[in-house]
Structure formats: structure tokens, C-alpha cells
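Have a look at the structure below before the remarks.
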Amino acid sequence: MLTFIDTVGEAVAGIKDGSTVMIGGFGNAGQPFELIDALLDSGATDLTVVNNNAGQGDQGLALLIKEGRVRKMICSFPRQSDSWHFDTKYKAGEIELELVPQGNLAERIRAAGAGIGGFFTPTGYGTMLAEGKHTRFLDGKWQVFETPIHADVALIKALKADGKGNLVYRKTARNFGPIMAAAAKHTIVQVSEIVPTGALDPENVVTPGIYVNSIVKVA
Amino acid sequence: MSIQTSTTPLGRDDLARLVARDIVPGSFVNLGIGQPTLVSNYLTEEQNITLHTENGMLGMGPEAKDDEIDGDLINAGKIPVTELPGASYFHHADSFAIMRGGHLDICVLGAFQVSATGDLANWHTGAPDAIPAVGGAMDLATGAKDVFVMMTLLTREGVSKLVEHCSYPLTGVGCVTRVYTDKAVFLIGPDGVTVRETFGCTFEELQAMVPVPLVPFDEKAAGAVVGV
Amino acid sequence: MLTFIDTVGEAVAGIKDGSTVMIGGFGNAGQPFELIDALLDSGATDLTVVNNNAGQGDQGLALLIKEGRVRKMICSFPRQSDSWHFDTKYKAGEIELELVPQGNLAERIRAAGAGIGGFFTPTGYGTMLAEGKHTRFLDGKWQVFETPIHADVALIKALKADGKGNLVYRKTARNFGPIMAAAAKHTIVQVSEIVPTGALDPENVVTPGIYVNSIVKVA
Amino acid sequence: MSIQTSTTPLGRDDLARLVARDIVPGSFVNLGIGQPTLVSNYLTEEQNITLHTENGMLGMGPEAKDDEIDGDLINAGKIPVTELPGASYFHHADSFAIMRGGHLDICVLGAFQVSATGDLANWHTGAPDAIPAVGGAMDLATGAKDVFVMMTLLTREGVSKLVEHCSYPLTGVGCVTRVYTDKAVFLIGPDGVTVRETFGCTFEELQAMVPVPLVPFDEKAAGAVVGV
């Protein structure tokens, strides 16, 4: 059921301690800063967060990590020049890390949304990231078995939503938004603009409204 | 209180109206080919139901008439349809991801047989010379949150299509949650088959037609009933 | 390497006997009739054809089947009121049929394009279409192992192409086009219009040109 | 004919120019973060190369300058870039499907080590206190049709990075087809490591630096060489 919500605080109010939360964005592009700030304010803790990175600088996901709200990160690229909050927590043993090749991260999220129980991929075969995983020789290559990543909640950023919850994005800020929207039980979207139903060309809708639960406009 | 809500069996249109009424507002729904398509005639604007067609569209409108007909805009039954405001198009893998990922609230399907545990048989008669054709039936049966079946309760020969075990080849295992028939509405849950209402027969008359133990709705604790 | 070709005959000239050919379309919507007619004229035979259906009436794929060019059909819904050419061949034992649930057909084609060696899906579990297949209990459900469907050639229909081979489609004629374009070694597209590079909005491209090899404009 | 084509080792820019020259016109290419990014400076318009960035774009243009900078338009290194005519955007799963499905003609990557059989190590030093970060390296290594590595041949300590077996954690097994270094270009194929050309050293001098048996290009039957 789709709801339009006035404030980011109300939008994230239902996120429980211990939830798995997918957060869109690749670096800062597409990162839903206002929703993350609201999640920080909500006090929710013991979270498992799925994001490509583990926060940059002193904003967004980095602050959530700094404040100790994140029990575990599932990501592909935590270490960056400005990932100091993650680095500190990780070295102190205060945050768990599941490191996933970026394509496996994307495909595992897609699998969750598409009802795929698991799949084989050549990525990672023969590396330490495939250690202990089931392997099989398929299509002429050794492949590794990977499982879907489901989430309780997805927080994503889009450019526009219409009255049915259909979304369009902007340039490379699209990144994880569409697949996370499909993989989470409850998808919360911050948009720059809400347009009347019928204003988006049906050929150009990227995320159909069926994947969207809550929409909040952010100035 | 009697669970007999009609003095006569329901016709196809009355049954479609009943199914339409039972669909929760705001739902995303796929209506199968044939009898289930009738349901769309009885959905109200207030219900704000979004129809999915597995060939790649959400927001499907009514059947196209006259100059609305466009060969590029058809439903899963290959019938020309229309597009409602707020529609979206997507390719086949994305369309089936909607179904298989459990995002549809309800699909309504026809059936040859439904078993007491919700097994569905609706794609193949099993006749040795039949050309098999499955389409999206198995994806709908296993993917939607609720699978409603619409069928006549009895075959032309008077045999119940609600059965202990399906004799026709299966479409899906344990997937059906409700069965709407001309003679009764059945709720299928972990505790067995509950009769929500009967049409033109009493509960006892219904039980005599059906080789599956039935429980009338009003004898059950409401909390134990699935799908109401 | 992308080529713009003048005639459908030249476009299909390289298709060899014994090829696996994906043909877009769901029913008549999106079916590349002109390319199929050219394939018929080319004389290529012993083909394995992947399509949702097995031809309608006396046109397109139905004629290819009638003329005995198709050794095997991989499809979800061969039997229709007007599938008489397939019906005749099938009953005569002159065509092989691999019947695949429609969602498995789409997902297996997608897997081929995406480099997935196989996947598990609940669809078909416990039915005769999963007999003999590997099964596993995953995500709380019994699931069936399915493998990718690769092809030598895809014949698809789009609305417009630009100079880079980027494609957009029209309404439900999109159907199998995008996933078949990615799954075949060589993708041949018939379009109604060729527009200058830059005329398609990058946000709205459905099939990026990387998946397209040959484009022919059909009046 | 000597395979020494330069009297001095190549600088980073000369090496980038060489890689750029070797890319077949019309190719779809992904340039890794760091040194490989330099290659884009030497691609010509006539080559008609389309650049892919794994965060969701084909048709990436040069780095954005001044008022071109747009936070929503970045490359995999999170650097603002521009969009060329004929570009397209897609989500992350579709973007990695391009890589993993074998649709990229070439990716160019940096490396810590490459083995004689094309194993690549470029994501992790293996130091026990290092924070691991893999990004798209493994997907690129296993997905592209050709994987070109750009690196200095020797470490600062003078140890060859072309090795019999990688001591660093692997990124991919048997995936590298060519290695471009300041001292030579190596072709890696089923028959071993062939030296296509050397820079500032003879074949014999090169062999003395590298603990892997090398074959000079002109001694091989052209048909047996992979990747030329």
C-alpha cells in the first residue's frame, strides 16, 4: 500500500532495531542523505546495512556507523580515503563486515526481488571471497553459488514519483535504487518532485510503483 | 447464522462481482485468461486496483474497442487492451520478476482441479495426445501472495473439482488460498478447507458433493482462518 | 561491431543451418515478421527456435515451422487456436518441443545474457516440467535448478535505434526484445525508425547498443 | 627484427598511448581506477570506443570540469564525468550484467601481480590489518572478453610483478590476456608468456628480470598467439 508522507522522520519511524536496511547510492550519488539522517535521529540500532560502500566523510551512512547503530555492513568497497568512521569501528572490532564483489552484491539484491533462491556466477571463483562456498562447473567455467540478499527496509533516492509511486532517477544516481526497491519488504523513497499520475511516460518508468511503499518529498 | 448467502448457485458474473468485492483496495492483481478476466468488469475506481499483465505492463485498462485497438498493446491472452494513467512497461524478465518475487497481492486463475492442501491443476489435461502449453500459469501459481481460483465446483459429469489429490498434472503445490465456485467459497489453510459461504445449497448439501472434509466458517476461531 | 544494413535479406544472410535462433515477440506484438520472412527465404534449416509461442496463423514463425526449417522449439505456449502448423508437425513427430514455464523462459534467457550459470526458482516445483531436475530447499521453499538459454542469433523488433544501436520499444511489444538481445552472440534488430545519435534520452534507452550487432530499417 | 621498440622504458603516458592504440575500433571498454584511466586521454574519435562505467553508464565522456560537474554523474572512481551523445544509464544489476555476461570487449586494470597463467592479484595486499575492499574488480576480471593489465614490471624493491604464482590474494583465475608494463608488453596464452615488444631493454635483459619463461613474439607461429 502506497503512502505519501510529509516528513522523513515519519517515513522511517517504523524501522525496528535489528532490521536489515538497504541504502541506495554509490558514493554520494543516489545516497538518500535526508532519510539516513532521519534514521539516525530515530534511534534505531543493531542494524545490518547493505550499501556499496561504508560511508564517506562525516555525513549519511558514515554518521550512522560512527554512532554505533550498524552491527554489520554488507558492501563491496568499504575502504576509501574518507571512510574513517568505518575504519575506526572495523579496527576496533565493533562492526562486522561481509565483503561482496560488487556484481555479486547487485545480482544477489536483484535475486531477492526476483524470487531467485540462489545462482551460480564465475565472479570470485578461486579467490578468498569464495572460500567455503559451493562451486560447480557450468557453461564451461567454474562458478560459485551465491544467495539472495533480502531486506526489511530499503531507503532510496529518486528524481520524481507520480501518484502511483512510479519512479524515475537521474544519471548515475540510479545505481542500486531499482533493485533495492524490489528486494526490500518495505521501500521508502525520497524524491525531489512529485508529479501527477500520468505525467511520467509509461515507456520511461524505471521503478514501477508496485515496489514502492512510502514516498517523501525532500526540498 | 447460516453461511448460505444465496438461494441459488452464482452465475459467472455474480461470482466475478464477488471476487472483485473481496480484493483489498490498493492491491496489485493479475487476472488469468478466461473466467478470471470477468473480475475486471466489477472493480471500482475507489478500489484503486492496479492490473498486471505478464507480457510486460502494470496499469492495464479495459479491453480496447474500435480505434483504441493497437497491436502493440495486448494482454496475456493476446487481446488488445488499453493503458491507464500511471501505467508502466517492462521486459519479460522484469515482468516475471514482479510475479516470481512475490510482489503481486493476488492472482485469480481458472482450474481443472484444486486439492484440499491447495495444489493447483490448471494447465494440462494429461491426455496423451494433448499438446502441452503452460505459459505463465506456474509462475503465477507460485509467485503471488494469494492465489484465488474461480471455477465451477462440479464437472459436466457432476464430479467435484475440489479433490483430496489432483489427478491432473500439477501447476503448483500448496499454492491456492481461496476457491470461488458457483456453489461455495472455500478458504484453504493449514487446518484444511473452510467454507466461507454457500450458494443455493446448505453446508451439508455441499459436503455431500465434495470428497474433502469441510468446516463451516462460523465454527472456527476467526484467528485460525487464513485469507479472510 | 554495429552495422546498419539495407535489407532484411542481407541482415540474416549469415545465419547457418543448425543455429539456435531467438525470435522476439509475444504473439504478434514485437514479432519481427520481416526478419523471419527473410530467414525463411535464406533457406537456413535445422534451426532451434526460442520464442514464447510456436507461431500463429499463416505468417512469421508459423511459416518457418510449416516449411520444416525448425528442428526444435523452446517455448512456453505452443498450443493456440491458430497454431495449426506447429500442431501438425508436433503430432507427426517432426518437431521437438522443450516446454518451459514462461517465467523460466524469460529468466533463463536473462541468465544467459547476464553471465549466470544457473539459478534456483520455485516455479515448476512438484510438476512434470521439473521432473528429473535438481531441487533444493532455499529461502523457505523447494526450488528447481534451471540453466541459461544461449543463442547464436536473436531476431528482434524495436521502435527506434540511434547511431550507437541504442533501442527503444513500443508498449507491450517490448516483451522479450531486451533479454534476447543480451543472450545471443549476434543480435539483428528491425526498427521502424533510425534517429541520429543523441536523439534518444540516455535515461530512456531500454537496450544499450552494446547488445546490438545489425540494424535494418523496415518500412 | 628486434622486438625492442623503444630505447628507454615507457612512461605512464606513453604506455597509456600504446594501450589506446591497441584497442580495436568500435570496442566497448571499461577502464579501471588509477593508471588505466589515462588510456582515455589517447583514444581517438575515429576509434569510436564506447566507455562503460560499472556504476551504471555506457558512453561516458571525459572528466567533468568546472560547471560541468554534476554529483549525479560520476564514474566508478567517484570522479565527476561527462556524458557523450548516444550514452545510456541503467541500474547496477544491469550494469554488472554487461560485464559478467561477457559483453565488454576489453577491460584495463592495474595489478599487484600477474601470474604466468593469467591469474590476477589487484585487490588486496593480504596484510593482516588491511581493510579489504573489492568493488567491481572480480567482476571485471572474470567478465570481459580481454583483460589488459597496466603496471610497472618491477616493484620499488626491484621484484618482478609478473610471477609464476601470485603470492597476493587473487582477483581472478586465468583471466589476464595482456600485460602492458614500462619494460615490455606480454601476451598470455595457453602456450605461456610471449613478449610482444620490449622498451629500454633486450629480450635477454628482460628475461633476467622475470622469473617466468618468456618467448619472444617473432619466434612463434602467429596462429598460436592469443590476443594479437
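For the reader, a short list of remarks on this structure follows.
Letters A, B, C and D name the chains as they come in the text, with residue numbers starting at 1 for each one.
Basically, a contact is a pair of C-beta atoms (placed from the backbone, for glycine too) under 8 Å apart; a residue touches a chain by one contact, two chains touch by 3 or more.
These figures come from a predicted structure and were not determined experimentally.
Distance between chain A and chain B, defined via averaged C-alpha coordinates, is recorded as 35 Å. Computed from the mean C-alpha positions, the centre of chain A lies at a distance of 33 Å from the centre of chain C. Chain D has its Cα centroid 55 Å from the Cα centroid of chain B.
Residue positions 57, 83, 89-90, 93, 96-97, 99-100, 143 of chain B each touch two or more of the other chains. For chain A, the set of residues touching two or more other chains reads 107, 110, 114-116, 121-122, 169-171, 202-203, 206.
Contact topology of the protein chains: irregular, matching none of line, ring, star or complete. In summary, the structure contains touching chain pairs A-B, A-C, A-D, B-C, C-D. By the touch rule above, chain C contacts chain A in their complex via residues 107, 111, 114-122, 136, 138-139, 141, 143, 147-148, 150, 168-171, 201-204, 206. Contact residues on chain C toward chain B in their complex (touch as defined above): 26-30, 52, 76-80, 86-87, 90-91, 97, 99-107, 109-110, 121-129, 142, 169-179, 206. Partner chain B is touched in their complex by these residues of chain A: 1-2, 110, 112-116, 162-164, 166, 182, 197-198, 200, 202-203, 205, 208-211. Listed in rising order, the residues of chain D touching chain C in the complex are 26, 28, 50, 52, 57-59, 83, 85-90, 93, 96-104, 143. Against chain A, in their complex, chain D makes its touches with residues 53-57, 70-75, 78, 83, 89-93, 95-97, 99-100, 119, 124, 129-139, 142-143, 169-173.
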